[in-house]
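Next up, some structures in C-alpha cells.
Below, chain A partners chain B and then partners chain C, in two separate complexes.
Showing the complex of A and B:
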C-alpha cells in the first residue's frame, strides 16, 4: 500500500503540527468528546481551514453563542438544513476564484443523518470538493438530549424516555458511515477519540482525497451529559465501542471498504452499555437485540469489505466530478 | 427616452429566457439550479449556456431549493457573484435560507417566477409566494414584461452588490403569463453590460470569507449587537430606494430604456383616478387606459416596480390629490378588508390628500385580468370618486364573493 511507504508518524503528537486556535476554558460540558475532536481538527489540518458549523453543541464555541469563548478560524455559521450546501457554495466559489482551500463542514448527527441528510446526499452525488465531518453523539444534545437517527436501540432520551409502555428507543440506529461509503465518494472513514492516530491519519487522507472530491468522516464522540456517563470515561467509552464492534473503525476509498482496526475477540456489547445510564433499564433480552444488531452490522461491513475488494471499480467512477 | 443607444439585437424570447440571458450577461461565478414549474426553462437555458461554454460559472445542480439558496448564500459570502431561480413551493422550501441570506447581507440575486402556493396545488400564476415572503429582508422588484425581466436582473446586480446597499434582490415576474410568453426583447451586447456593471469594481471590496483569515459569518448575535444589525438592515433597505432610482437613470443612459425607478406612472399627470397594479397585468391596464382616455376619462396607472422596501414615499407622491385609487392585488391578506398591497397602502391614506382607496382582487390561479375586468375596476373607482357607495373589496372574477356577503 502506498501510504506505508510514506514517512510514518507513530505518535499522535507528531500529527499536531499546528496551533490550537480555540480559547482555553470553553463552554463545553466536562468530558465532552466534541471538544477534543474540534480542537484536534485544525491542529492536524492547519489553521487555514474554513470551518462551518450549525446551531448545535458546537455552536457556543464555534459560533460564539453568548460570547462564551471563541477561536481564530475562518468560519461560517450555517443552518442545520443546508450545512452541506453551504460548504458546497464556499468550495465551489474558491475553486472558481482559484483560491486554495480546505472547507470542513462540521456537524452533529442530527444535521448529518436527519435534517441535513438531503444536502449531504446531494453533495456526495455531485462529488463536491470538501470534507464533511460528523461528530456523532447519538442525539440532539444541545437542545437537551432528544432522539436522532443514530440513537441506538434501547437508549433513553427525552423523546424516547423510559415509561411503563415504551422503554427507550424502540428502533435501530442508522449506519451513517456505510450509507455514505455506498456513494463511492473518494474517501469515507469512521474514527473515534480512543484512536487518535487513526483519526489524524484519516483527516490527512481526507485532505488529500478532497482534491478528487467529496470526503466524509463519521466520528464517534461520546456525550457524558446526555448519556449519563462519568466524564472521566469518555475515552474508555470510545475504546469499548471499538472493542465490542459497536463502532468499528474502517475507511473506504471510492467505496472500497477496508478495516483499519480489526478486533480479534470482540467483547460483548454489555461491556460498553454498562458505562452509561441511558442503557440502564435494558433487560438481557434487550441487550441481546442490541448485540445482534451490532453483529449483523459488523458482518455486513465485513462482507462488503471482501466484496468491494473483489469488485473492479469502473474507470468512470475513479475520476468523477461534476462538469464545471 | 434617451436616443444614444448602443448596438443591440432584438429576439423573440420568453420571460424565462430573458432571465437566463440576463444571468449569463452578468457573468456570475456560481449558479445553483433546481427545476420547478414555471421556472424550469431558466435553469435549462443556463445549463445549455454552461454546457456550450458560453457561461463560465460553477453550476451546482442541487438536490432541492433549500440547497440552492444555501449554496449561493455561501458562495456570495465568500465573495462570488451568484444567481439562482425558483418559484412558489421552491421559494417556500428555501425560506430558512432566504431569511439567513438577508440577515447575512449577502448580495444574492435571484428570480422568482410567481405562482400560487396554497395546498390546493394551483400550478398557476399568482403573487401569493411573493406576499408570503415579503418581510424576509430582501429587495423585491416586479417586472411587467420580458424586456423588463432582463433589464431588472441586470439592474439587480448593481443594486445588490452596491457597497452602500449589500442586500439580496429578488426579481418577480408572473408565472405562465410572463414565463412562457414570447415577445421581442432587446438583448444588449456583453461589453455594454460589462460597462454597466463595472462601476462595482471601483467600489470598496465588501468583507468576504477567505481561507486563513480570522473572520466568521453567521455568528450568534445578542441583544444590542443584534438590534444594531437589524437597524442597519432597515436603513440599507431604505437607502436602496434612491439607489434604485439612480441605477435606473444610469441604465437609461447606457441602454436607452428607463422605467421610472420604484414606480412607473402611466398617464397620471392629469388623472382624476388611478389604478395601482404590478406585474404583467399592467400591460392590459395600460391598453384599457388608452381606450378610455380616447373617451375622455382622465385615468392613469401607477405600476409598482419595487415592492420591498415598500416605496411609500414614491407612491404617496404619485397618488396624492387623486380622487380615487383602485388597488389591484393578485394575492390575499387574511383578516384585512382587501388585498395585501391595498392594506399596506391604506397605512398612508392620510397622506394622500383625500384620495379614496378601493381594493380589487383578481388574477388568482391563472385567471386572466381581462380588459373587461379592468373596465369594471375603473368604473367602480370612478363611482367611488363620484361619491357612490362602492364595496371596499371586490373579487372581480368571482362574483359570488361579492354577492354572498363575503368580503
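Showing the complex of A and C:
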C-alpha cells in the first residue's frame, strides 16, 4: 500500500536535492511568495552559493540581525543603487581566485527595474558571470507598498491610491524580462511559483549558463500583504497569472526567445485581478486597458519567438567573450 | 544545523557554525491545517508549495504540518488536489 502511494509523489521533490539553509521560523508574512522562492533556490542550486542583495523584504532575513543570522548561506548586503556592481566584483574575484561557486544577485523589482537598473544593465552588457534573480512583487513592499515600474495599470499602492482624483496607477507596467532578453545575454527566463518544476529547470540552466556569462531570472512572486490577497491564494494567483498570459513563461538563450509553457485558451485577465484587493475598484473599461496591454505584450513575445527562430544569429552573439 | 562550512575557504572569523535565530512563527497562526490521512494520496503538493516548507512526510503515508512553525496561511489546504486538508480555527484546540 505504502509503495503504491509513493509512486505518485510530485517530481518537484526530485529537484530539492539540498538542505534548506534557512531557520524554520523567519519573519516573512504568512503566504509570502518570496519566502517560498528563497527557500527553493538553495535547495535546487546547492548551499554553496553566495547571495548578494539590497534593502527589501528579503534583506531582514538574508542580512540577519545584530550578530546573528537566519540562514547559513553566505550573504553580502549592498546598496540598492549598486547591487549588480557588487555582484560583479564578487563573481570576478571568485573566478580569478579559481573558486568554483555561484554568485546569485537576489533583488526585488524596485532594485532591478528602477533604482538599481543602471548597473544591472551594465553587468548585462559586460556579460558578467553571475545569476541575477529578480523576485517581482510589483512594488516597493518593504518601505510600505509604493508603486514601482512593474506595478501594473490600475493597481492601488500607497503612492497610487484610489480616491476622487486618482484611480490607482495610471501608467502601464514595464516588461523587465523582455528588456533583459534583448541584451542577448546567455540566459534569460521568466518563472513563477505555481510551476516549480519549470522554475527548478530554469535555475539549473542558469547555473550552467553563468559559465558563459550573465543570466537573468524574472520570478513573479505574489505579496499577499501588499496586494490585498488571501495568503492561501498565493499559488493560485501565480497560476492564473500564467493562464491569462499576464505573466507568460518563456526562456531565451543568447536572446532567442522560446515559450516554455503555452496556454491554449487564455482566460480573461479579470479572472486574475479578482483575487486581489488592489484591483478591486477597476471598472470594465480599466480592465480592458489591462487586458489589451497583456495581449499586446504576449503578441510581441510570440512574434519575437517566431522571428528569432527564423533569423540567423550573428556569430558575435553566439559566443560572447568572457568578462575581462 | 550546527557546523555549516560550505566553503573550504571559510575564514577563521566565520560564524557559520553559530546557532541560527528562530522566531516562534507557530504563534502567529489563527487557523491550523489538519490532514485527513484517509484522503491523502501522498502526492506532496502541500509540501512543495508550503512557503515555510513545514509540511513534513510522515512514514511514507501522508504529510503533516509542523505546528511549531506553520503560519497558518492555508496554501496547503488550497493546493491539495484531494481536499484532504482543512483549516480549523485555533480556538477549537484550546482546552
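FYI, the second predicted complex is superposed on the first by the 307 of 324 C-alpha atoms of A that agree within 3 Å, B and C clash if a C-alpha of one lies under 4 Å from a C-alpha of the other, contacts with A are read in each partner's own complex, and residues count from 1 in each chain.
Following the convention adopted for this analysis, contacts are C-beta pairs under 8 Å (C-beta built on N, C-alpha and C of every residue); 3 or more make two chains touch, one makes a residue touch a chain.
Just so we're clear, the structure is a prediction, and the values are computed from it rather than from any experiment.
When the shared chain is aligned, chain B comes close enough to touch A:76, but chain C does not. Residue contacts after overlaying the shared chain place A:20 against chain C, while chain B stays out of touching range. Of the two partner chains placed around the shared chain by superposition, chain C is the only one that A:230 touches, whereas chain B remains out of contact. Of the two partner chains placed around the shared chain by superposition, chain B is the only one that A:95 touches, whereas chain C remains out of contact.
Applying the stated contact rule after C-alpha superposition, one finds that A:122 touches chain B and leaves chain C untouched.
Once the two complexes are overlaid on the shared chain, A:146 sits clear of chain B and of chain C alike. In the superposition on chain A, contact of A:270 is made with neither chain B nor chain C. In the superposition on chain A, A:159 makes contact with neither chain B nor chain C. By the touch criterion defined above, A:260 reaches neither chain B nor chain C. Common to the chain B and chain C contact sets on chain A are residues 47-48, 64-65, 67, 72-74, 99, 101.
Contact residues of chain A toward chain B in the complex are 47-50, 52, 59, 63-67, 72-79, 81-90, 92-97, 99-102, 118-119, 121-122, 125-126, 322-324. On the chain A side of its complex with chain C, the touching residues are 2, 5-6, 8-10, 12-13, 16, 20-21, 23-28, 30-33, 35-36, 39, 47-48, 64-65, 67-74, 99, 101, 193, 196, 224, 230-236.
Residue ranges of chain C in contact with chain A, taken from their complex: 1, 4, 6-7, 9, 15-16, 18-26, 28-29, 41-45, 47-54, 59-61, 66, 68-69, 71-75, 77-79, 87. On the chain B side of its complex with chain A, the touching residues are 29-30, 32, 50-51, 57-64, 66-80, 82, 96-97, 100, 209-220, 222.
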